[in-house]
Amino acid sequence: MTSVALMLSCVAALLATVVLAAFIARSRLATPAIYSLSLGISAIAFSTGLVQLSSPAADSPALVLPFGLPWLGAHFRLDPLAAFFLVVVNLGGAFASLYGLGYGRHEHAPHRVLPFFPAFLVGMNLVILSDDAFTFLLSWEFMSLASWALVMAHHRDAGNRRAGYIYIVMASFGTLALLLAFGLLAGPDGAYGFAAMRAAQHTPFTTGLVFVLLMLGAGSKAGLVPLHVWLPLAHPAAPSHVSALMSGVMTKVAVYGVIRVLFDLVGTPAWWSSLVVLLIGGGTAVLGILHALMERDLKRMLAYSTIENIGVVFVGLGLALAFKDAGMELAAALAMTAALFQVLNHSFFKSLLFFGAGAVLTQTGERDLEKLGGLIHRMPVTAFAFLVACVAISALPPFNGFASEWLVFQAILQSPDLPQWALTILVPAVGGLLALSAAVAAACFVRAFGIAFLGQPITEASAGASEADRFSLAAMAILAALCLLAGILPGIVIDALSPVTKLLVGGRMPVQTDVPWLSIVPVAESRSSYNGLLVFLFIGFSAWLSATVIHRFASRALRRAPVWDCGFPGIDATMQYTAGSFAQPARRVFGTLVFRARERVDMPPPGALIPARFELEFHDLVWEGLCLPVAGAVGFVAEKLNHLQFLTIRRYLSLVFLALVLLLLVLALWS
Amino acid sequence: MVLIHHLLVQIVQMALVVALAPLLTGFVRKVKARLLRRRGASVLQPYRDLTRLLRKEAVVAENASWLFRVAPYLIFAATWVAAAVIPTFATGLIFSWTVDLIAIIGLLGSARFFLALAGMDVGTSFGGIGASREMLIATLAEPAMLLIIFSLALIAGSTQLSTIAAFMTYPQVGLRVSLAVALIAIIMVAIAENARIPIDNPATHLELTMVHEAMVLEYSGRHLAMIELAAMLKLLLYLSMIVCIFVPWNLKGPDAGYAAYFTGFASYLVKLIVGGAMLALFETATAKMRVFRVPQFLGAALMLGLLATLLRFVSRSF
Amino acid sequence: MQGPVYFDIAHMLAGGLVLVSMMMLYQDRLYALLNVFALHSLLLTLSVAWQAFIQGAPHLYVTAAIALIFKVVVIPVALHHMIRKLGIHREIETVVGIGATMLAGIGLVALSIVVMLRVTPEADPLTREDLAFALSVLLLGLLIMVTRRNAVSQVVGFMSLENGLVLAAAGAKGMPLVVEISVAFSILIAFIVIGVFLFRIRERFDTVDVRALDDVRGRRRK
Amino acid sequence: MSAPSLFAFDAVAAVLAIPVVAAALLALMPGYKATARINVAASLLTFAAALSLFVTERPAPGQYLLVDDLNIVFIVLNTFVGFTTSLFSASYIAHELETGRLTPANLRFYHAMYQVMMFGMNLAFVSNNIGLMWVAVELATLTTVLMVGIYRTHEALEAAWKYFILGSVGIAFALFGTILIYLAAQPVIGEGYDAMVWTLLVERVAAFDPALLNVAFIFLLLGYGTKVGLAPLHAWLPDAHAEGPTPISAVLSGLLLNVALYAVLRFKILLAANPEAISPGPLMMTMGLTSLVFAAFMLYRRRDIKRMFAYSSIEHMGIIVFAFGLGGPLANFAGLLHMVMHSLTKSAIFFAVGHIAQIKGTQRLSAIRGLTETHPALGWGLVIGVAAIAGLPPMGVFMSEFLLVSSTFARQPLLAVPLVFGLLVAFGALLLRLTGVAFGQPRGSRQPADASYLPMYSHLLLVLIAGIYLPPPLVAWFQHIANLLR
């Protein structure tokens, strides 16, 4: 039984789970049954993908099933690229299921979640497995549909409905764009198989057009600015483990789509496309994380930070594109590795963060940072896992986020050898954008963790919280461990990615596992190297050393006392720094530029009894500059055309009459 | 044998930075006092402060979490590891390959991350102020620093401090506009990162102006000692980074003899003294700026960093 | 049996039909309109009969008879009756001025001739001319429907349109009887249903002015 | 040899005769239950007879009747939907009787007319004589006119009146076109019936006078296009759908539009076979795109649920006509598939809508909320149906739209732009309304529905299967037709 067949049978099993869920959804046993089923299946699929990735077959033949497009059939194929993304998807799926085992108990409408959860997994798996345009798009849109249903799970909330609507419309916009792209690739006689597309020769014009359509289609799914507006609405609206899947995994499926088309199907696109990808990526990273820094809704903040990470990934892809175009396989491999590594890492810590947010949500019923606080005392394990994720996502050593970010920077440092001046000048600037986004990310997650978990509880809800259930904790703990492992042993991951880079850019990074001390060296040791393991050990060692020395030779006495706070009396929880106030300096620096943020404070004169007022005005320029006008235009046209509904019969007749006369005129003039 | 020798050098380096850090701070303070026509405390005063703090019992707020108590050690450890691989008197330390310049910035970032969290742990307004401002400064200082690193690495073709230092000793490097710009930028960043005037005043406890001090307000005893030491280490780190990049002369290779190491160490001391003196001079010459002018200051550093990366094209390359 | 004379007579009749259609365009009184329509149908009857004669197609006489009975007699009378019963004011309010309507009508006739003359000359000339006229009658009928607000006159316009059809059908040599029957059939149904509807509408509104129907919509916007 | 052909003829005869007999019977019989049952039984029999057309050998095309690959598909589809609709109408009408919107007398009339209409449509499909086809189409139209007006409310009468006036103008146009075709054929084929037999026409059309054909096609396109509901000839369609009984709306959208479309197709084939005549493609594509975009925008301001889906029918008719206008094996295949899928899906939607409107006692979209909560079966049925009609996978419409859009973009990139634009706009509108109706805080009556889910879900199941797996014989069949359509 080939691995493709195994994968497909996993998918079939998931489909069976969907059907089962549809029937037993309302029973009490449904939640554990469904989640444990999907956990098991995802685990199998994950291991299959891992095996396939570690020992890639020389050639990966396509498996053809008599479904989908007649006369073509549904093609499925499992090459290293697909294998890697299957690993990501199913790992995320497995963790989400594990988490769901506990989280699902708090779900008040399980029958609106259970059937669609496995369906969502099915969609994502199929997208990656499919090897022809029809199957790809069908699974793609099916994925959107399932996730839409999950977003609508809590449909009584008007905000969720709106989110779902915007989401599904954007999704179908993306699908149509992809549809056009594939139509171009397939050519007039409809060669929809990927193999045929690969074989075909595409004109530069076609390639460019396909590229643009791809960025519109897959980019909107991935959440690239300016097509990101749906993402921060839809991801938080779903139940948290689904949010984790959408943010941590589904966006990666979109990335997969981009890679598949851009690096595999169209051959080599023009160099300017790499320029576009780089610019969009950098802009996305910065804009996304700035949004996140301003956001006070915990889950939405996470969604925005997803946008940032996607931006980082796309910078990596853009670099890979540029290097591949310039024929620098090594550098291209480095960049591509960095991008894929970032994909993997982000799926780890973003899932973890959403799990944490979900735990907080179930325990306190609050998503608003301003209403949380002091949870580290009540939910220590959750807090610890969340902290790990925060450090990792802020790209700080020795965790995994830093490793991938470091690789991206190393790739940027290869840019001087690029032939195009525009790129050589621009790439370091993009690097600056990345650095900025990383630094802002640190600020953003200090804020998130500090406000939500540290300090003193502000509301009863956060004061009365208790630790999450064991399934959730297990999922979070394992993920935290993975974040650390990937951070201190990046070499293994890099080597595992080599078949993928070989496939995509025709080169690979130097073998890492036989570098002494398990360091990673992108190009050569003389240029740069990094060793997460030693960093970790050193930090641990020196911390332990200093602690023991001090405790041994200096005082170890400890006294608990009331908060000092510069001797300021009567501290209470409401005097703490809030999320809004934490973001205020950054808002002043960046916000005025990026969000046209304005704040007005009118302080009453001393002794006056009127309250002091603080008003904050905040604009999402993309939303106001792009989405609202489009919606407005459609509404306007609809309104105008709507008058045609209320004409008199005579007027309708005159329409018919005019049509007739017009056609006759055409005929009279036609020769 | 060689390995032992290398390890020895490395250990000496680690001990050295810890030993020298308070001295540097004390020296700077002393010079500043002198410049202000004060006699000032002895150069060794920082050592005394640290030991005093270490002996005292640590007072911890009631609602402080474990993070509050762990953070100081983590901060110190991260800074120490970063400082341990800076070529002070010798390049090519055995563990210098574990972290390159970017990683060093990363380590300092982690230290700052935990410092800010520690500041917010107790839940006081001052802690929040400090953390928020610190992170804001970082959001501008870090990218600036990375751009500077880019401009250096793009010229030297490496992000390894040792390699860069070795590269800078080549005669054909000569004087480059980009390097000059980078130097200015890195100094500005260093000032911001180390909470020196005009960004922050290490000596003040005036609530509205303090940044670093606000975060550590709740700390006392050994915890405070750790944090202070970490801060001193950081100052030393930046100073020695700057000197090892821009005045890389008389750095000894990994396999040099002890005599050579001694001369190298002597020249390193000289560099530190000069650098410290210049810092003190600069600090006394300028006034602290309002917190909301800091972004402009750092924005300038950022622009300079970018400029440096661009200017490398106009310089001759080889 | 063919010949210039026969052709000319058929030609004259068909042309007369167009002329009468034009006359209908500038009638501004319902009674007058009905009379002109009767004349229109009479001409039609004649031309159909003539076609029957020269084509030697007896079944066309049936058609002619149908036209005579229904369109010349029954319908005008019925409509007279109806107008009296409904007490519609005599005036027909037209949408655009008579002059403009006439111009449009002339334009339509020109158009139909242009279109039809593209037909290859090999085709039977009689057919060509007939078709040109039939098409113009049809278009003029539609024009009447479009430019009149009053339902009765719209019905009249519709029926003159049907006349055009019959003319064309009659002009088509050897067209099986099926068609005439269906034409008559359709007209019959048309008349009945229109009558039914007018009656129903009469129950609800005091006028058959179609706008009265449309006014409902003002209250009910869907 | 003769026996099976005879039998086949019997099949055709049955397809035509059963409805007539049933109609006569129903017109005479009192009582609701029995009549409804007879209606269902008759429809079922007709469907069975239609199915038998597949197995039996085809008769040679006669002067009046014809059975070929093209129309078998239409007939089977027609009779099948007719059958399921009769099932639905049985439960629907029962409710109408309770609420007293219909009297037993009405009902007799209704059932009789239902069968007459089925007869007219089947006749239109099997007729080989363009005159006969015209008669049949008009018969079907006029019967529907009567059924639209059956409620005798202001709105219903107004809708019927509008339908009637516009319809009869269409009748006139179509007839004129038919006459012109005859005139074009007569010099070549000779006088008499033969000049109206479609099969003969197709053989000899190359010799016809192109100018006449052109004029004829314009009139036929406008005449039958009025019934297809192409903009700007569509005006009757929304009101007729909204005001008539819902089963009739289902039949209108699912079947009658197809009948007119079928007529247009026949003449398209005819015209395409004549080299000098204008190619019908551009005309059809223009009208198709116009209808698509226009209807897409009209979807937004709708407040009546049935009217909205009527506009969506216009939209899809636009897509189909565009596909056939584009031509080529791929686009024609897409067009056929889309037509079948649209018939099934749209009628399923109307089944759901009918019950919903009965439960809520209104058709106002704003008065219907949260159906998936109060009436899961109906609500989710509606969700699936709308998702399907909006072109979401894994439904059949997705496949046809995939083929159409991609092939259009590969061949006529500029035409793909309005196509995709229209699709997207319509999608937005449909999903917007769906979100309102199916989700949110429930509004309106919560009484359980005594609905018959079988018709709706059987349709949806078919659509689902078609979206994932098309049986090879069907595919071969469709491809054959696609080539036949050119």
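For clarity, chains are labelled A, B, C and D in written order, and residue numbers in each chain start from 1.
The rule is simple: a contact is a pair of C-beta atoms (placed from the backbone, for glycine too) under 8 Å apart; a residue touches a chain by one contact, two chains touch by 3 or more.
Since the structure is predicted, the reported quantities are computational estimates derived from the model, not experimental observations.
> Using the touch rule stated at the top, which two chains are linked by the largest number of C-beta contacts?
Pair with the most C-beta pairs in contact: A-B.
> Quick check: how many Å separate the C-alpha centres of subunit C and subunit D?
Here the centre of subunit D sits 31 Å away from the centre of subunit C.
> Distance from the CA centroid of subunit A to that of subunit C, rounded to the nearest Å?
The answer is 69 Å.
> Where the centres are mean C-alpha positions, what is the separation of subunit A from subunit B, in Å?
Each chain reduced to its C-alpha mean, subunit A and subunit B end up 35 Å apart.
> Quick one: subunit B and subunit C, Cα centre-to-centre, how many Å?
Here the centre of subunit C sits 100 Å away from the centre of subunit B.
> Going by the contact rule already set, what residues in subunit C reach two or more other chains?
Residue numbers touching two or more other chains: 115, 118, 142, 145, 154, 213, 217, 221-222.
> So which bits of subunit D are touching at least two other chains?
161-162, 165, 169, 214-215
> Enumerate the residues of subunit A that touch no fewer than two other chains.
645, 647, 649, 653, 656, 660, 664, 667
> Return all touching chain pairs.
Contacting pairs: A-B, A-C, A-D, C-D.
> Enumerate the contact residues on subunit A facing subunit D in the complex.
Subunit A reaches subunit D through residues 66-71, 133-134, 137-139, 141-142, 145, 152, 155-156, 158, 161, 164-165, 168-169, 172-173, 176, 179-180, 182-184, 186-190, 192, 634-635, 637-639, 641-642, 644-645, 647, 649, 652-653, 655-656, 658-660, 663-664, 667, 670.
> Given the complex with subunit A, which residues does subunit C contribute to the contact?
Where subunit C meets subunit A, its residues are 95, 108, 111-112, 114-115, 118, 139, 142-143, 145-146, 148-149, 154, 210-211, 213-214, 217-218, 221-222.
> Residues of subunit A touching subunit B in their complex?
It is residues 373-374, 376-377, 380, 387, 391, 394-397, 402, 406, 409-410, 412-413, 415-416, 424-425, 428-429, 431-432, 435-436, 438-440, 442-443, 446-447, 449-451, 454-456, 517, 519, 525-531, 534-535, 538-543, 546-547, 550, 554-555, 557-566, 568, 571, 573, 575-577, 581-586, 588-589 of subunit A that touch subunit B.
> Name, in rising order, each residue of subunit D that touches subunit C in their complex.
Touching subunit C from subunit D are residues 129, 131-132, 134-135, 138, 142, 145, 152, 154-155, 157-158, 160-162, 164-165, 168-169, 171-172, 175-176, 178-180, 182-183, 186-187, 190-193, 195-196, 209, 211-212, 214-215, 242, 302-304, 307.
> Which stretch or stretches of subunit D touch subunit A in the complex?
On the subunit D side, the touching residues are 161-162, 165-166, 169, 173, 214-215, 218-219, 221-222, 226, 232-233, 235-236, 238, 278, 283, 294, 297-301, 330, 370, 372, 387, 390-394, 398-399, 402-403, 405-411, 416, 420, 423-425, 427-429, 431-432, 435, 439-441, 467-470, 472, 475, 479.
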